[in-house]
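These notes open a run of structures that come right after.
You will see two complexes here that share subunit A, one where it goes with subunit B and one where it goes with subunit C.
Up next, the complex of A and B:
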C-alpha cells in the first residue's frame, strides 16, 4: 500500500519551488494558443485548470522525436566514430494522467526486453512522474477497458487526486519518496478520503481479454478494411500515442561529417515496411490499420504480457478523419 | 554512462570487392579494431546492418561462412541510397557493420541428413553462407544438393564458386536460367526453379530443404516440395523484412507476434504457417 498524504495547494506551490531548487525542470500541461501541451512551469498556477489530456503525449521526455545515436567524421580511407550521450535533464512530469503514466511501462518493455537502450534508460532514470487522477473523461477515453482507471497508480511515482483544498497524495515508489524527502513537511497526514468517489466514472466499453483472445482468428475479417476506409495514413495517431514506439533511423550528413538520428515513425505509413525490391508486406492502408490494432492488442500481450494501449484516446482526438479507436475496438470485440 | 550504445557499428575495412553480376557486388570486410576482430563470432543465418557513412544503414545477411575466420562478406544489389553509396566504395574504404543479429540455421539438428538448397537470383548469398559452412563440415551431412536459378546467365552470382561446386564431387549443383536468359555456351538447365526442382527426383526422406528466393519462386516451389513429401518442418527459409534497428525495437519487421530480426530471419515453413503472410 502506498503511503497517503495530503498536499495542500499552498504546499504544492512549495513543492514546485523545492523541485526546481533541486535542479529539476517541471513539465506540466499548460494552455496556450488553444491547445494544452506539456511545458516548463515554475508554479502550479501555470498548470491548465481544465484539461482532460494534452494533445501530444509525454513520451518525448524519454523518447525524443529526434535523437542523435552517434556522429562521425570521415576522410578518404578513414572514419572516426563518436558515441552519443543523451543529455537527459532531471525532469518531473506533473499532471500527466494515469493512462499516460502507465504508458511508460509499454515503452520500457520495447526498449529493454532484450538489448538495452541506453538513450531511453538515461532519460527514464532522470524522470519522475507526479500523476493527477482524472475527475472527468470524454468520448475518446477508455482506460477502464484496458486495465487502467482514472485514479490508477501504475506508472506514477506520486499520484495526486484532487480534494478540497489540495490533493490526496499517494507516494508510490522510491522516486516518489525521494521527492517527498526533499520537503517532508509539505506532505501532511492523509485524511482517509475514498478516491474512487472523486475519480471520473468511466464504464468499461469492451471486454479486452476476450478481444485479445479472438484477434488471432480475425486476421482476415473484413471489418479492418471497413474501419480503415477513411484512414488517410497521416500517422497522427502514432505521433500523439504515448506507447507508439516504432522508429526510423536516418542519416544527416555532409561530405565530411554526419550523424545518425532516431526519429519517430508510424506503421501507418506505406513506406514503413516497403522493401528495396518494391515488395511491400503491408500494401494497403487496411493492412496497416490492422497491424496497429494487432500490435497493441495481440503482439504486446503475447510478447510483453501487457497491452500496447492505455486507453488515453489521444489518437481519436488527433485523428483528422474522426476514427474513434474505442468504437473500433468495441466493433471488433462484438464481431 | 555505463550502458553500451547498441547502435554503434564496428568500423570495417573493405579488403576485396567482387563484381558478381550487373549491379551486384560482394565486399570482404575486415575489422579495423583487432580486439573486435578477435571477439567477433557469428553463426550461419545471421545478418547485420551495414553502413555507408553519410547515407545510412542497410540490412544484408552475412554471406560468408563462420568457418572462414578473420573477415565477413556481404553481397548486395545497388537499388537505393545506401547500396548506391556502398557500390561507390573502393578497396581500403571504411564501412560500418552492426551485428550479428537474429537466429541461425540449426546445423547440429541437420547432422546425418541430406540437404537441398534452393535459391533464386540475389537470394543465394544467405544460402551461400550455409552451403560453405556445411561443406566445411562435410562429414556431418549426407548428400548436399544446390539448385540455383537466375533470370539470365549474367545474373548468376558467385560464378567462380559455382564453378568450384560444379567440379567438386561432394556437392551436386544444378544451375538454371529462365528461358531466354541462356547464352550459347550455357551448359546448365533452362527453365524456372520450381519445375527444375520437380524433375530432380529428390526424396524427402531424411532430407531438409532450405529455400530462399523472390516471393514468386518461393510460392511456386513450396507446392513442389510438398508434393515430393517434404513436411513443413523440413523446409527452412530466411526472411528479409525491412529493418532499421535489427534489435527488436523499431517495429518494422514485426509480423504477427514475431520480430524477423529477433525470432528470425530463419524460419521453418511450419513456423511461417503460423504467421500472417506479411513478409
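Up next, the complex of A and C:
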C-alpha cells in the first residue's frame, strides 16, 4: 500500500524548484498552438490545464527517435570503432497519464528481454514518473479495457490525483521516495479522499482476455481487410504509441567515417518486412494492420505475459484517417 | 444528403461500381473516409463542411484497385487530384466515377472531360489563412525563414503521414525508401528531416493540387502544405500552368518545348 499525502498547488511549485535544483529537467504537457506537447518546464503554471493526452508519447525519453549506437573511422588497412554512450539526462516526467506511465513496462519487456539494452536502461534509470490521474476521458480512451484505469498506479513513481487545493499524492516506489526525500515538508498528511470518486469513469469496451484467446483463430478473418481499407500506411500510429518499440538500424557512412543509428520503425510501412529477395510476407495493408493488432494483443501476452497496448488512444487521435483502435478491437471481439 | 445516398445505392445495386468511397462520422464527431460496399454501409455516408479529406489518394492504392470500380464522393480538391492523376497516366478515364454535389443535386461525373467541365465552374482559391502565412514567410529574411522551418521541422518524426495522405504521392518505390543507393538519410534527425521535406516539396512543384491534405495529416501540426503550395505557386507563375485542371498536362519541370521562352535551353 502506497504512502498517501497531500501536495498543495503551492507545494507543487516548490517541488518543481527542488527537482530542478537537484539537476533534473522536468518534462510536462504544455499547450502549443492547439496541440499538447511534452516540453521542458520550470513551473507547474506552464503545464496545460485541460489536456487529456499529449500527441506524442513520452517514450522518446528512453527510446529516442534516433539513437547513435556506435561510430567508426576508417583508414587504409584499419578501422577504429567508438562505442557511443547514451546521453541520459536526469528527467522527471510530470503529468503523464496512468496509461502512459504503465507503457514503460511494455518497452522494458523488449529492451530487457534477451539482452539488456544499455541505452534504454541508462535513460530509464535516470527517469522518474510523477503521473497525474485522469478526471476525464475521450472517445479514443480505453484503458479500462486493457487492465488499466484512470487512477491506476502502475508505472508511476508518484501518482497525483487532483483534489481541492492540490493533489492527493501516492508515493509508490523508491524513486518516488527519493523525490519526496528532497523536500519531505512539501508532502503533508493525506485526508483520506477516495480517488475513485474523482477519477474519470470509463466503461470497459470489450473483454480483452476473450479477445486475446480468440485472435489465433481469426488470422484469415475478412475483418482485417475491411478495417484496413482506409489505412494509408503511414507510421503516425506507431510513432505516437507509447509501447511501439520497433526500430530499424541505419548506417550513415562515407569512405572515411560512419555511424550506426537506431531509428523508429513502423509495421504499417510497406517495406517493414520486405525481404532482400523481394518477397514480402505482409504484402497488403490488411496484413500489416492485422500484425499491429496481433503484436499487441496476441504476441505480447504470449511472450511477455502482458499487453502491448495501454489503451491511451494516442494512435486514434493522431491517425489522419481516424483508424479508431478501440472501435476496431470491439469489432474483433464481437466477430 | 438523401439524394447522394440514393445515387450511391443505385450505383451499387446496378453493379456499376463495387464500392462508394465517401465520408462517415468518426471518433468525437470527426469525419473519416468510408468505403460503402453494401447498401447498409451507404447509410453511414455523410457530406458536410467537416469533410475535408482528399479521397483521390485511395484510387491508386492496390487494395482499393482490387475492389473494382469505385465511385468517389468528390470535393473540388478531390476532383483536381483526379484530373492530375489522369494527366500523369495513373488512372484511366473509364475508371472515373465521381459523385459531386451541385447545390442539392448529385452529379455523376463519369469521365475526365466531365470533371474538367464541372471544375471550371468552381473557384479554388487557396484558403486565406494559408495565403497569409505564405505572405508572412516571404516577408521574412532568409535567416528568419530558415529559423522558422528548422523549428517546425524539428518536430517531424518521419511518420510519412504527409506523403501517404497525398494523392500525388503514389510512387510504389519512393526515393525516401530507396536504400541501394540511399539518397536521403532515413533517420529523423535535422538533416534527414530537412532533405525529406525539400525533396517532397520539389517533387510536388507543378503537381500539387493544393488540397492541404499533407498539413492536415501531420500528427504534430507542421504546416508542410505551405512548402508544396509555394512550390506550386512558383511553378504556376513561371510556367503558366497549374496542376489539377486538365487531363492533359505536360509536367512543367520535365517537358521540353522548342518554343520555350528561355534561350539557354535551345
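Everything below uses one rule, namely that the second predicted complex is superposed on the first by the 335 of 335 C-alpha atoms of A that agree within 3 Å, B and C clash if a C-alpha of one lies under 4 Å from a C-alpha of the other, contacts with A are read in each partner's own complex, and residues count from 1 in each chain.
Methods note: a residue touches a chain if its C-beta (ideal position, glycine included) is under 8 Å from a C-beta of that chain, and two chains touch if they have at least 3 such contacts.
Source: prediction; values computed, not measured.
Counting only touches as set out at the top, which of subunit B and subunit C does A:198 meet: first, second, both, neither?
After superposing on A, A:198 lies clear of both subunit B and subunit C.
Considering only touches as defined above, state whether A:250 meets subunit B (first), subunit C (second), both or neither.
both
Touching A:18, do we find subunit B (first), subunit C (second), both, or neither?
The answer is neither, since A:18 touches no partner chain.
For A:183, using the defined touch cut-off, is the partner it touches subunit B, subunit C, both, or neither? Pick first, second, both or neither.
neither
Name the contact category of A:285: first (subunit B only), second (subunit C only), both, or neither.
Second partner only, subunit C.
Mind working out whether A:321 is in touch with subunit B, subunit C, both or neither, as first, second, both or neither?
A:321 contacts subunit C only, not subunit B.
Scan A:163 for contacts with subunit B and subunit C and give back first, second, both or neither.
Neither partner.
If you stack the two complexes on chain A, which partner ends up touching A:306: first (subunit B), second (subunit C), both, or neither?
After superposition on chain A, A:306 lies in contact with neither partner.
More residues of subunit A in touch with subunit C or with subunit B?
Answer, by number of touched residues of subunit A: B.
Do any residues of subunit A touch both subunit B and subunit C, and if so, which are they?
Subunit A residues touching both partners: 248, 250.
So in the complex, which bits of subunit A are touching subunit B?
69-70, 72, 74, 76-79, 81, 83-85, 110-111, 113-118, 121-122, 219, 245-251, 253-255, 258, 260, 262, 265, 267, 272-277, 279, 281-282, 287, 291, 294-295, 298-299, 302-303
Under the stated contact criterion, what part of subunit C meets subunit A in this complex?
26-28, 30-35, 53, 57-58, 61-64, 155, 157-161, 163-165, 177, 185-189, 192, 213, 216-217, 219-221
Which bits of subunit B are touching subunit A when the two form their complex?
Residues 1, 3-9, 11, 51, 53-58, 77, 79-80, 83, 92-94, 96, 214-215, 240-242, 244-245, 247-252, 254-257, 262, 276-279.
Please name which positions on subunit A make contact with subunit C in the complex.
33-35, 37, 55-56, 65-66, 138-140, 225, 228-230, 232-236, 238-240, 248, 250, 252, 261, 263-264, 266, 269, 271, 284-286, 316-318, 320-322, 324, 327
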